[in-house]
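The first chain written gets the first letter, and so on, giving A, B, C and D; residue counts start at 1 in each chain.
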Amino acid sequence: MSYLYFPGCSLKGTGRAYEESLLAVFRALGIPLTELADWNCCGATAYMSIDEHQAFALAARNLALAESQGSPADGAVQLIAPCSACYLVLLKAQQCLAADIALCQEITIALKEEGHCYRGRVRIRHPLDVLVHDVGLSEIARHVRQPLRGLKIACYYGCQIVRPFALFDRPHDPSTMDDLVRILGAEPVSWPLKTHCCGGSLTGTIPEVGWRLNYLLLREAQRRGAHLIVTVCPLCQFNLEAYQDQIRQRYPDLAPMPVLYFTQLIGMAMGLPPRELGLQRLLIPVDGLMAALSKEGAHARA
Amino acid sequence: MSERPMEGERSFEPRIVAFFCNWCTYTAADLAGTARMTYAPNIRIIRLMCSGRLDPQFVLAAFRHGADGVLIGGCHPGDCHYQEGNYKALRRYLLLKRLLREMGIEEERLRLEWISASEGDRVQKVANEFTETIRRLGPLRLAPRPGVIRLPVAALPEPSPAAREGALP
Amino acid sequence: MAAIERRIRYESELDPSFAREIIAFSGSPSLMACIQCGTCSSACPLSLYMDYTPRRIIAMVREGFKQEVLSSRTIWLCASCYACTVECPKQIRITDVMYALKRYAIREGVHPPRFPIPVLARLFYNTVRRRGRLTESWTVLRLYLQTMPLRIPGMSSLGWKLLRRGRFPLRPEGIRDRQGLQRVLRVVERQEVTA
Amino acid sequence: MRAHEIYPNGGPRIGVYVCHCGLNIAGKVDVHEVVEFAKTLPFVVVAREYKFMCSDPGQEMIREDIREHRLNRVIVASCSPLLHEATFRRVLEQAGQNPFFFQMVNIREHVSWVTEDPREATEKAKALVAAAVRRVIFHEPLQRRRVPVKDHVLVVGGGIAGIHAALTLADAGKHVYLVEREPTIGGHMAMFDKTFPTLDCAACILTPKMSAVAAHPNITLWTYSEVIQVEGFVGNFRVRVRRKPRYVIEELCVGCLQCIDACVYKDARFPDEFNLGLGKRKPIYIPFPQATPRVVLIDPETCIWFKTGKCKRTCLEACERKAIDFEQQERIEEIEVGAIILATGFKTFDARRIPEYGYGKYPNVYTALEVERLVNAAGPTGGEVRLRDGRVPKRVGIIHCVGSRDERFNRYCSRVCCMYSLKLAHLIKERTGAEVYNFYIDMRTPGKGYEEFYDRLLQEGVHFIRGRVAEVTDWAITPEEEGKLIIRVEDTLIGVVRRIPVDMVVLAVGLEPQPDAEEVRRMFNISCSKEGFFLERHPKLAPVSTFTDGIFLAGACQGPKDIPDSVAQAGAAAAEALALIDKGYVELEPNTAYIVEELCSGCKTCISLCPYNAISFDEVRAIAVINEALCKGCGTCVAACPSGAARQHLFEDAQIFQEIEGVLAYV
């Protein structure tokens, strides 16, 4: 199956390593991934706060582009959206357009201005969903060169990929990432904050509020014995990683906790070169852990 | 007594005859009433004991006498009060659809629905939907329709033997 | 000591059509079915900072407390995590109600001045409308300049680190067919006005 | 031929009566206009309106008109025939008319209550009246069939409702078959320690009734048994019951329990169903000491002999009366009864369906039913409230409305949870001295002595926090939360979100229909309401009847109910059953099919269609013959007869054709 890929604005900025590692992993698995040409902002949270219908139009334009650029499989073009916010907004727009005929007409008329047309034949996918359900855990296991043995990981799903529109995992106690992490040889820690919110853009707008939320997440991961947190969303990753200095000034009991994209973790286990995975872009490096791992790996091989 | 206005004089109001079985659908229609679920006034309900009593002639008669649509309501499969009358209704319904097609009547004018005694909301939904379907299809144009009541007294059919035998008080 | 305030509300101070407007705006008629159980508030990760809990916002919307609702901090603190929407036993789309309230407040211009969240929303909106995509670096810089200039020194080291790691590219992003997109959005806008 | 020639008394003389039903009809339909319209219809001699046609003066008005105007046909336009058809037919009878010269027009449920616009409602009412006038002209005099009834009653389900119904009927001298699926009767009530609001000991009030059932000469008690087939109709049901083998001969076992002591398993080690797995039992066991009948049973799933065929079978030797029978087979019993009472009860909501409450994940989250066993003196802990690790909880949170009042699960209020939560709060506090928190959405205490009980709990210092809990978690934020379960809730009366650490969480799970309610419903040919409980014939006026005559409902199978209501309903169901069978016969609607012999071509189409084998073929005359005693009046054969020879009383083709034309002629 071939997939179209909708990066979203963050994957071209703070989340560059997400894009790099995602592309690297898919390449290594031999799955073609084509970036959607001339994609635009998905119409996420902030835009929806100003104008809902315009936000839907933004999302629908991307869906229309996907329909014209992709080749359908099972009647729909598969469009991968790695950012949780993009994933949610595209899904939301799709479901609202399907449910509300008047809205759908309004958006169709507007899209015609640019010569686009959306017919509802796109399936919006999160890469976690694709990797676990399309590619399959056994196929990924086949590609693991350097099992992440001994690594304890807090799988952080964040809010928007599991609720309220997504269907590929349980909204209260998702487990796909835990299963994936286990296949890579690492150990997912049991922690109750898998889907608690990171605060989204609040870290930028009301920093103290956002920082406290992230402090609670980081502290709990730390207390449950996690070596690192793995995320599926550029905003979650940024919030959890970038403000750790600021958080520590207020809450000194916090030790540095690396925060990786799940695609980076897969890449590490597959033995892909760190630079291809954008590991050098992390603010809290995993070099130490990597070194320990490769020693372990050497041990295992010997 | 108001005569039915000519088509085109005002917006078309479909005339729909509904045959509901006593145990499920008729009861559901009662429930819709008890729950005050309003729906299109175009549905005229005729009670049968079972949808299996539905003689295909009833449907044809309804169309002949001016119905624009006919709705049949029975118990869900497996729920028939008389074991399987609803399956018989289903067979006749399928046959009727073919027949209607042959007669040049749109087959959407006949609809069969399984509605259980607790599904008052379904009566509402089906009544509204079906009325809209028929409204979209427009009036059924067959032979001229009766306007005022013309009870064919002279042509009263023979009463059944029981009546003839003078059991009347 | 805080100023003593009158807490009574007279009917003439309320807006009886407010609930209807918000229902239409949010597409969530089940709002009227709220049983005030408070699940939304306790599911909300941010309710601890809110002046009114989400449950109270629903109650106030329903009763027409328009002024209080639109000027409350609550609606801006909503991070759209949808926890309340998923948990609500009456299936009220609370997140969408919050979006509707934000849009209403921005339209009426009643949100707290220089409050960073609506400012960010506006910056985001303008950039996307103009260029089709967002450039995170510039948006954040503008936001800090407009709302929290004094915090810039404290954040500069983070900015520098991000720049060095290539995570803060300053080259503005944009799509090719900007005019086309703007036409699309203008048509949506026109239709909304006529509707 | 003209109508007056056909009808000896000068042709149809019709009276039309339109009911206001207070404002129920008159508030929407212009009743006066309908009456004036009716007067213009052929053969209508009188047309009148009245506020309440079903009232005495209304009925009298019709009777008088029948006499005065020599009416021979009557139409009443009011509510649903399912409600008052019998009433008005009786009116005709009282006035010396055959009751089947009557047609009812449903202008309430089918018109005034479901139509927005008064104009349209009035027009619809007129159309339906017109149809009825046309129809009733073709009505004929009919006689009701009388069928004798069997005077035995089947009660299905041996909880408190079934027990009470069975005892009531047995005391009235009727023979009762009480069939219970479990090895003992007693149902949920047998699991409780105390009952609200009086704190009566459940066992003290229930066990005497259980023994009375076992000892009653008029009751045949079949436990560990299930109804597998129901045939027939009111007064004459044929029922097959499967009696599962308990591998112990009931008649011989005296309940000495020596076999249990003798079992090769020295310790009880299998989860015990009666204690919801909180206690243990052996493969040969008795559910609880007061089980009725007091007869042991062997569980073949856990018994070594059944699993491997190798066991010393020490139980055999231990039984002096030789009651143990490893060869026992299931038995099918066939009975004939006149009435059936269903008292199949409820099941509790599966708390795992709300993962955020952590049931099944955190060991110290319990369902209320489990806690009933914990506080029960005969329960696994001897009545001490202890957590699974043996600790006594110091702080306990009780979460109300688990699975109830929730669009995602059950929309309805389960009615009993508030009160049983209060009871458990009281018992837990009494036994442990713990701080107890109740988390409720609304307190519902409508019942005799219920509000007073709530007041007592308030005074006892139990905490009542108004708010639905979003989450139970082991995620501690502050030091006092370490090692506890934390309940996150909005205290809605104060308007702040609180986190309350507790040692034990009790989930007040709601009541749901039994998982097999749907199959039972089909077997007994009754209906279920939307949420899956059995549907009563009328919520107010026929609350224990079903749409199938002769089948009655008692207890929580009809909807969530507490013990007093279940018992009251069981008494009502018993009275209805008694009223039915005591009369000795039932009158059946004369809506049977018949064959007009001269028209029958002998094609046999009808014979295979009849679900009741009521049609046979007369080889000599080469025609179909209908046995009216077997015919139930569905009319399937009538609709299928190609020559029009099969007809149905009360639903004659001519009548229905007139009705069709009637509703269409006037729109």
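In the analysis below, contacts are C-beta pairs under 8 Å (C-beta built on N, C-alpha and C of every residue); 3 or more make two chains touch, one makes a residue touch a chain.
Since the structure is predicted, the reported quantities are computational estimates derived from the model, not experimental observations.
> Where are there more C-beta contacts: C-D or B-D?
B-D
> In whole angstrom, what separates the CA-based centres of chain C and chain D?
Result: the chain centres lie 50 Å from each other.
> Which integer distance in Å separates the CA centroid of chain A from that of chain B?
56
> Using Cα averages as centroids, what's the distance between chain B and chain D in whole Å?
31
> On chain A, where are the residues touching two or more other chains?
In chain A, nothing touches at least two other chains.
> In chain C, what residues contact two or more other chains?
Where chain C meets two or more other chains at a single residue, that happens at 83.
> Which residues of chain D are in contact with two or more other chains?
356
> According to the definition of touch, which chains form touching pairs?
A-C, A-D, B-D, C-D
> What does chain B use to touch chain D in their complex?
1-2, 4, 13, 15, 17, 23-24, 26-27, 29-30, 32-34, 36-39, 41, 44-50, 52-58, 61-62, 65-67, 78-79, 81-85, 88, 92, 116-119, 124, 145-151, 153-154, 156-164, 166-169
> Report the residues of chain A in contact with chain D in the complex, numbered from low to high.
170, 172-173, 191-193, 216, 220
> Per the contact definition, I'd like the list of chain A residues that touch chain C in the complex.
These residues of chain A touch chain C: 9-10, 12-17, 38-41, 43, 45-54, 57-58, 61, 88, 96, 100, 106-107, 109-111, 113-116, 159-160, 163-164, 171, 195-197, 199-202, 204-207, 209, 213, 242-243, 245-246, 280-283.
> Would you tell me which residues of chain D are touching chain A in their complex?
355-356, 473-475, 477
> Using the touch definition up top, name the residues of chain C that touch chain D in the complex.
35-44, 47-48, 52-53, 55-56, 83, 87, 89-91
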